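First chain A sits with chain B, and in the next complex the same chain sits with chain C.
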Partner chain A sequence: MHIVDGALAGEVVIGGAVLAVGGLAVGLRSLDLDRIPATGLLAATFFVASLIHVPVGPSSVHLIMNGLAGLVLGWAAFPALFVGLLLQAIFFGFGGVTVLGVNTVAIALPAVVVGILCRAPIRRSSPTVAAVWGAVAGGGAIAGTALLVAVALALSGEAFVPAAKLVLVAHIPIMIIEAIVCAAAVMLLRRVKPELLGMAPAPASGTAHA
Partner chain B sequence: MPKWILVFLWSLAWPSLADAHNVIAAVWPAGDVIEGEIGFSSGEMAPEGTVVRVLDPDGVELGRTTVDGTGLFRFEPTVAVAHRFLADLGQGHVAEVELAVDDLPAALASRAAPAESHTADAGAVADGMVEFDAATLERIVASAIQRELAPLKRELARRDREANLQSIVSGLGYIAGVFGLLFFVYARRQRR
Partner chain C sequence: MAHDAVAGAALDRTTKLESALTALDPRTRIVMAFAFAVVVVSLQTLAALTLALVLAVLTAWQARLPWRSTRKTLLTMDGFVLAMLVMLPFTTPGPTIATIGPLTMSSSGLHLATTIALKANAIVLMLLALVGSLEPALLGHALRRLGVPMALVQLLFFTVRYIEVLGTEYLRLRTAMRARAFKAACSLHTLRTFGYLVGMLVVRASERAERVLQAMRCRGFNGTFPVLLEPALRRHDGVAGVMAVALLASLVLVERTIV
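On to the complex of A and B.
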């Protein structure tokens, strides 16, 4: 979901930009050398995922993948998703440069929130339960994004309740697909690269090299 | 029934309109009128009845028109200024497109400076053939050409905005570059 240039009131655009700069600052501070490649990879994932439209029934949807970015990156999701959004605005005119701040907050803030909420349970629980938490993170991040988009539209004049319902309903197919994709990604990551989720490295590879 | 309930029900049937976020709008002169098209990058067109506001460069409204069943709209210009077309498709989708003065229908220009010598006897019959005066003929040819060119223009406008493989790959290249640079900066900081 991208808001385009000209749809929002000036105050909302400025407010979004300020929040986005704050998020970017926190995100860049939380980054360290080891996590930069993962950040870049998830920026690329987001960039490509939202370009590919998957046909679902009579319509088509595209993935956003901000839930996964939040799970792996935490606050560093801000710079990752910002770079993706910036390039989409420049290359394809998705969104727009003036509303970049609002779009960044709408997509990255829910990512950070689900990251904080769902990381710990994913680390602790069994693979099956972790997959469920992954699904919650994937679907929840989309719901958060839809809600923030509705808030931004409401602050600019559109009535909040209908706008929010409209945006949420439109995102239900994406929420379901993201939940499945994110759950699968969490299961895979736990097996092959658990350190990306902040867990101890997989024991199998350790013993094989010893 | 309130209007938003209808919109809501409609969105249930076509959820993609909400997330096909790239709005495509194009306008072109078509005979005496300005014709335009509004749709989404997914290929779906703006819903029938979408209101298009027409503004002059200073933001004064010149008139309104609505989108027909195929995503097209028509507007007859009366003043020789640049025309801005705005349509609110809801949910933050705003279509905006402008037609410059030079691109306005030729009829408007000739109306501003009338009485060119198209004064051949209209409808004069010679040897059983119907003779058209120059202006009528011009209009017939113009509308025929317009009909032929419309799909091409539409296709061009669509391609203009479409994501192609080349820009996707170059985008990935930029991402690699940006994070490579970040890597460099952080590595330098750590070394000190």
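On to the complex of A and C.
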């Protein structure tokens, strides 16, 4: 979800912008000329993935997949997800201008954190255990996002506290969905292209199928 | 399904029609949109905010934004934002103006919700009008010249360039899934399939990235994108800047004088 302009307190907006600039600086440092094309294509992939809708009851939710972005990109997930949010704001009007920093931190910071925490166990363990870690990464990233959005709202005033609680509750089903989807994606990556998760390349049976 | 429409097509809708705004330097338009957002966020009175929304609507009209799709964009606000706006009148402490069952609606809460709705819509509309109608390549070069790091601008270029390509790839995979009678439902099978789908998109994107990098190396890519047409700041950028400052100042003036 995107917070819109005008809802948050000035201090929260500025704090979010400062954190976002810091995260971008660290993320950009890991991007040399050779990694920019791959990161750009993956940023585009996660943009496209957010168009996938999962039906939930009479409505539907779209995928966010920031956990998987963190697993595949590490710190580079910060600029990659920022670019996605920037394009969404500019060309689709989702989110806003002044809240771009807060929205970026809410999506990208949990991505980077689960990427750092879950990548090593996914690499080391058996496929089944790795899938569980993938679920932890996918669900954990959404939990982090919900928590950061709730904190940003709650810090903006007494009146927003019920809305902050609503955010936490509303993200529980999304958390479950993203956990399962991310687990499946991790299983596929481990089999088809393990080097994306920092593992040794798969034996040469190829990636032509699927 | 409307959601499955490829996003890249939307990124490509550059305003073909010539208008006073399209003659402005992209940098001027970015800075104006940003300044507008910062000023409008700080406004509190309904009078000033209504005036800001009118300004945004007029700019959108000047930029010849497609009326129908823009209205749809503004109306399809996040469900959560809508829920929050509905909740705020009841959760803000203040003088009561209405009681619905156990809930009391406060005038200060209603005021808060209204100002947020006005701010959000005015800023998004102004952004779509001034920046959203830019060609992505122009946007990237303008950001570079406004001091955004080169690596970030290049990342933006690659992302914009490949959203459409990967969107087509995604639609192809969805067609293959449909041919095998896949239908999205709220089930474990759907979620697992979507996981494989996203994973496959990531695999194909990274393999394409390897080919792209090799091809760019072959052509002597050295990390810079040469620009043929460097737009320069001209007199009407100055005129537009002065007008923008005057309009923003009048917004603040309205805020201060009308209570």
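The working rule: the second predicted complex is superposed on the first by the 186 of 210 C-alpha atoms of A that agree within 3 Å, B and C clash if a C-alpha of one lies under 4 Å from a C-alpha of the other, contacts with A are read in each partner's own complex, and residues count from 1 in each chain.
What we mean here is this: contacts are C-beta pairs under 8 Å (C-beta built on N, C-alpha and C of every residue); 3 or more make two chains touch, one makes a residue touch a chain.
Predicted model only: the values in this text are computed from it and were never measured.
Engineer: So, on chain A, is it clash or fit between chain B and chain C?
Structural biologist: With chain A aligned, chain B runs into chain C, so clash.
Engineer: Once the structures are superposed on A, label A:165 by its partner contacts, choosing first (chain B), second (chain C), both or neither.
Structural biologist: The first partner, chain B, only.
Engineer: Which of the two partners, first being chain B and second being chain C, lies in contact with A:37: first, second, both, or neither?
Structural biologist: It touches chain B and chain C both.
Engineer: According to the stated criteria, A:174 is in contact with first (chain B), second (chain C), both, or neither; which is it?
Structural biologist: Once the two structures are laid over each other on A, A:174 reaches chain B alone.
Engineer: Go through the superposed model and pick first if A:182 touches only chain B, second if only chain C, both, or neither.
Structural biologist: Only chain C; A:182 stays clear of chain B.
Engineer: Go through the superposed model and pick first if A:65 touches only chain B, second if only chain C, both, or neither.
Structural biologist: Only chain C is touched by A:65; chain B is not.
Engineer: Determine, under the contact definition given at the top, whether A:116 touches first (chain B), second (chain C), both, or neither.
Structural biologist: neither
Engineer: Can A:51 be said to touch chain B (first), chain C (second), both, or neither?
Structural biologist: It touches chain B and chain C both.
Engineer: Report for A:196: first if it touches chain B alone, second if chain C alone, otherwise both or neither.
Structural biologist: The second partner, chain C, only.
Engineer: Check the residue A:97 against both partner chains and state whether it touches chain B (first), chain C (second), both, or neither.
Structural biologist: Touch partner of A:97: chain C, not chain B.
Engineer: Does chain C touch more residues of chain A than chain B does, or is it the other way round?
Structural biologist: Of chain B and chain C, C contacts more residues of chain A.
Engineer: Can you give me the overlap between the chain B contact set and the chain C contact set on chain A?
Structural biologist: Touching chain B in the first complex and chain C in the second, residues 1-7, 31, 33, 36-37, 39-40, 43-44, 47-48, 51, 53, 59-60, 62, 79, 83-84, 87, 91-94, 158-159, 162-163, 166-167, 170 of chain A appear in both lists.
Engineer: Going by the contact rule at the top, pick out the chain C residues touching chain A in the complex.
Structural biologist: Chain C reaches chain A through residues 1, 3-4, 7, 10-11, 33-34, 37-38, 40-42, 70, 73-74, 77-81, 83-84, 87-88, 91-93, 109, 112, 115-116, 118-120, 123-125, 127-128, 131-132, 139, 149, 151-152, 154-163, 165-167, 170, 184-186, 188, 190-203, 205-210, 212-213, 216, 221, 223.
Engineer: For the complex, which residues does chain B have touching chain A?
Structural biologist: Chain B reaches chain A through residues 4, 7-8, 11-23, 42, 88, 90-94, 96, 161, 163, 167-168, 170-172, 174-176, 178-180, 182-183, 186-187, 190.
Engineer: Under the stated contact criterion, what part of chain A meets chain C in this complex?
Structural biologist: Per the stated touch rule, the residues are 1-7, 10, 13, 24, 28, 31, 33-34, 36-45, 47-49, 51-57, 59-60, 62-63, 65, 68, 72, 79-80, 82-84, 86-87, 89-94, 96-98, 158-163, 166-167, 170, 177, 180-189, 192-193, 196, 207, 210.
Engineer: Show me the residue ranges of chain A that touch chain B in the complex, using the header's touch definition.
Structural biologist: Going by the criterion above, the answer is residues 1-8, 31-33, 36-37, 39-40, 43-44, 47-48, 51, 53, 58-62, 79, 83-84, 87-88, 91-95, 149, 152-153, 158-159, 162-163, 165-167, 169-174.
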